[in-house]
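Presented sequentially are two complexes of chain A, the first with chain B as partner and the second with chain C.
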Partner chain A sequence: MSAATTTRTGRPARSPLRGAAGWARVRGRHLGSVAFFINRVTGLLLVGYLYLHLGVLYLLTEGQGSWASVLRLFKNHYVLGLESLLILFIMVHGLNGLRLAVVGTGIGVRHQKAWFAAAISVSAALYLVVVLAMFGVI
Partner chain B sequence: MTATEEQVRHQQGTGQARRIRISRRRHGAARPQVDEFDVAVGPDTTLLDALREIRSHQDRSLTLRYSCCHASCGTCGMRANGREVLACVTPLASLGSGPITVEPLGNARVEHDLVVDMRDLYDSLEPAGRPLIRQDERLAGQGGDAPVLPFARYEDCIECGLCVSACVIAGSDPAYLGPAALAAAWRTVTEPRGADPSRVLAWVDDEQGCWRCHASFECTEVCPSGVDPAGATMALRRELTRRKLGRITRRGRGRR
Partner chain C sequence: MAAPAREAGPRAAATQPGHGGSLAWIFQVISGVLLLLLLGVHIVTQHFVVKGGLRDHAQVLSYLSNPAVLAVESLFVIVLIWHAMLGLRAVLLDFGFGRRGQTLITRGVAVLGVATAGYSFWLIATLATAH
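Let's turn to the complex of A and B:
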């Protein structure tokens, strides 16, 4: 048979992603896994932000000058962009969390993909409004 | 030569070559290695056809498990291009046009090449009381005291392990009961047939039971029999929540 050829590559096979690394497995996965992964990433980012926020609040104890410099920093467009992302993460995590709470108690399980699509759509729409308001367009 | 083999040969005569990369782990080897095979295929060639062709004509040592060839026995579960499939009903045409990467099922110990140890899966189903057997479909004249296990039809779940392989939590926590066991538990709760559903509910009402699921729904996506293990897991949670709330309400009424 002309097409039959065998190659022993000797190459180690890619180890399957195990443990928490398996959360990031993308190949062959479906929408539910995407939602699962997004919820974890946004959750971790929000925990990170919480500590950053506490650090910034600590500057209040350093006097008026220190706080004024923080306020000046917050008016920077790049920082505003990051702030808008924070709002996006909160909305995605919150609405997807709501979906999980509803589906997780056996309500609307068959529509979990539609719930996720709705959560992302509402988040995206609100994010757009927030960004336009932040940058003074509306 | 069987009809299927003849069909494959016919297709090969007119087909094109597909490259199949197989992740192979020898018994006792620390790491799997990749072997590549070019196989002539036709438009209807399934993954199992191609693997059997490799085994017959290129490498007799390739180890794989299969039996019925029509998605009833659940023995040919594996991962193709990262997706859990039954090889016997997966046409190569459905796996894109490039090389196909074939790996054994995940979240199970690899015995050899594409064969994994299924004992953990089977053991996990036992506490649910194997509710999958349709008792009214036993062959006439066979009783429970027969010297060999009586023929019985398993309902829906074919115990292929695809759901456990696809589950992200089963991958990060081996103590998790897993989607197959939870689906079996829900079968017992919905149709106890003399069994005590409370016992099964107490079994799954655990941090490693139905509450451990993180709702990625991969188990339901890959199930070849439409069992919907994720739906069953959520239904178990609903039932447990309903019973717990009922208990609190009754206690509140009792105090008044």
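Let's turn to the complex of A and C:
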């Protein structure tokens, strides 16, 4: 995102940190920039989770006892709550990412607010269904 | 407004020197769409169809001993790491480093991706052959 590496006057950012802060500043930004910021943050969180997940899966190689302790941990309601957030991040990142891809190719740019609303609404609805299923309500 | 609201896209990427051009963006979109499908399969088969949401040790080993499952999970790992590394690279490039810094980021992310894939395939192979 070129806006991220330039200042308000269009000059190059004075330091790399300021360049990165460009996409992190969401106040007063257009919806497209906010959606871009959401995708960056959820993407970074999901990369972090990838390494956590790979670390946990190592316990499978340690045998049945180690994996049983993981299964017990994942039955905890607080851990289930965190897992449900993971599902939310995946949905928001995935659907908003699709929207970014479509808008990025120049299709439906005028309707990007509607696309964004649809992506967030579908994510929220699916998240609700997943949470209800995870906690055994449905 | 701090800066014009712009989004990433092939045209935007092509005009940003050192940002990898539109090819990286196209790969990111293709891997993203593939991931939606593969992640959906992974989550449903690994968690939603299993009583209690997680397979026990014996169930995991039995599941991974199926060649079709092994192929899908391996493809999932490749696409996931590819997408994650391209995304990580894009975030790091936004720090606005110079040409040398950009090259270092690209190489560093490539090494991280290869190491992650190596570990993931070791894990899959170990579990698939343990049944």
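Here are a few things to note about the model shown:
The definition used in the following text is that the second predicted complex is superposed on the first by the 121 of 138 C-alpha atoms of A that agree within 3 Å, B and C clash if a C-alpha of one lies under 4 Å from a C-alpha of the other, contacts with A are read in each partner's own complex, and residues count from 1 in each chain.
In the analysis below, a residue touches a chain if its C-beta (ideal position, glycine included) is under 8 Å from a C-beta of that chain, and two chains touch if they have at least 3 such contacts.
Note that this is a predicted model, so its numbers are computed, not measured.
When the two structures are aligned on the shared chain, A:133 is found in touch with chain C, with no touch to chain B. Contacts of A:106 after superposition on the shared chain: both chain B and chain C are touched.
When chain A is checked against chain B and against chain C, the one touching more of its residues turns out to be C.
Overlaid on A, the two complexes show chain B and chain C touching the same residues of chain A, namely 1-6, 8, 12-13, 16-20, 22-23, 25, 27-33, 35-36, 100, 103-106.
Residues 1-12, 15-16, 25, 29, 32-33, 35-36, 39, 43, 48, 52-54, 56-58, 60, 80-81, 84, 87-88, 91, 94-97, 101, 116, 119-120, 123, 126-127, 130 of chain C touch chain A in their complex. Chain A meets chain B in the complex at residues 1-20, 22-23, 25, 27-33, 35-36, 100, 103-107, 109-110, 112.
Residues 1-6, 8, 12-13, 16-20, 22-23, 25, 27-33, 35-36, 40, 43-44, 46-47, 50-51, 54, 57-58, 60-61, 63-64, 67-68, 70-71, 74-75, 87, 90, 94, 97-98, 100-101, 103-106, 133-134 of chain A are the ones that touch chain C when the two sit in their complex. Those residues of chain B whose C-beta lies close enough to touch chain A in the complex are 12, 15-17, 23-25, 31-40, 53-54, 57-59, 79, 81-84, 103, 106, 168, 171-172, 214-218, 220-221, 230-231, 234-235, 237-239, 241.
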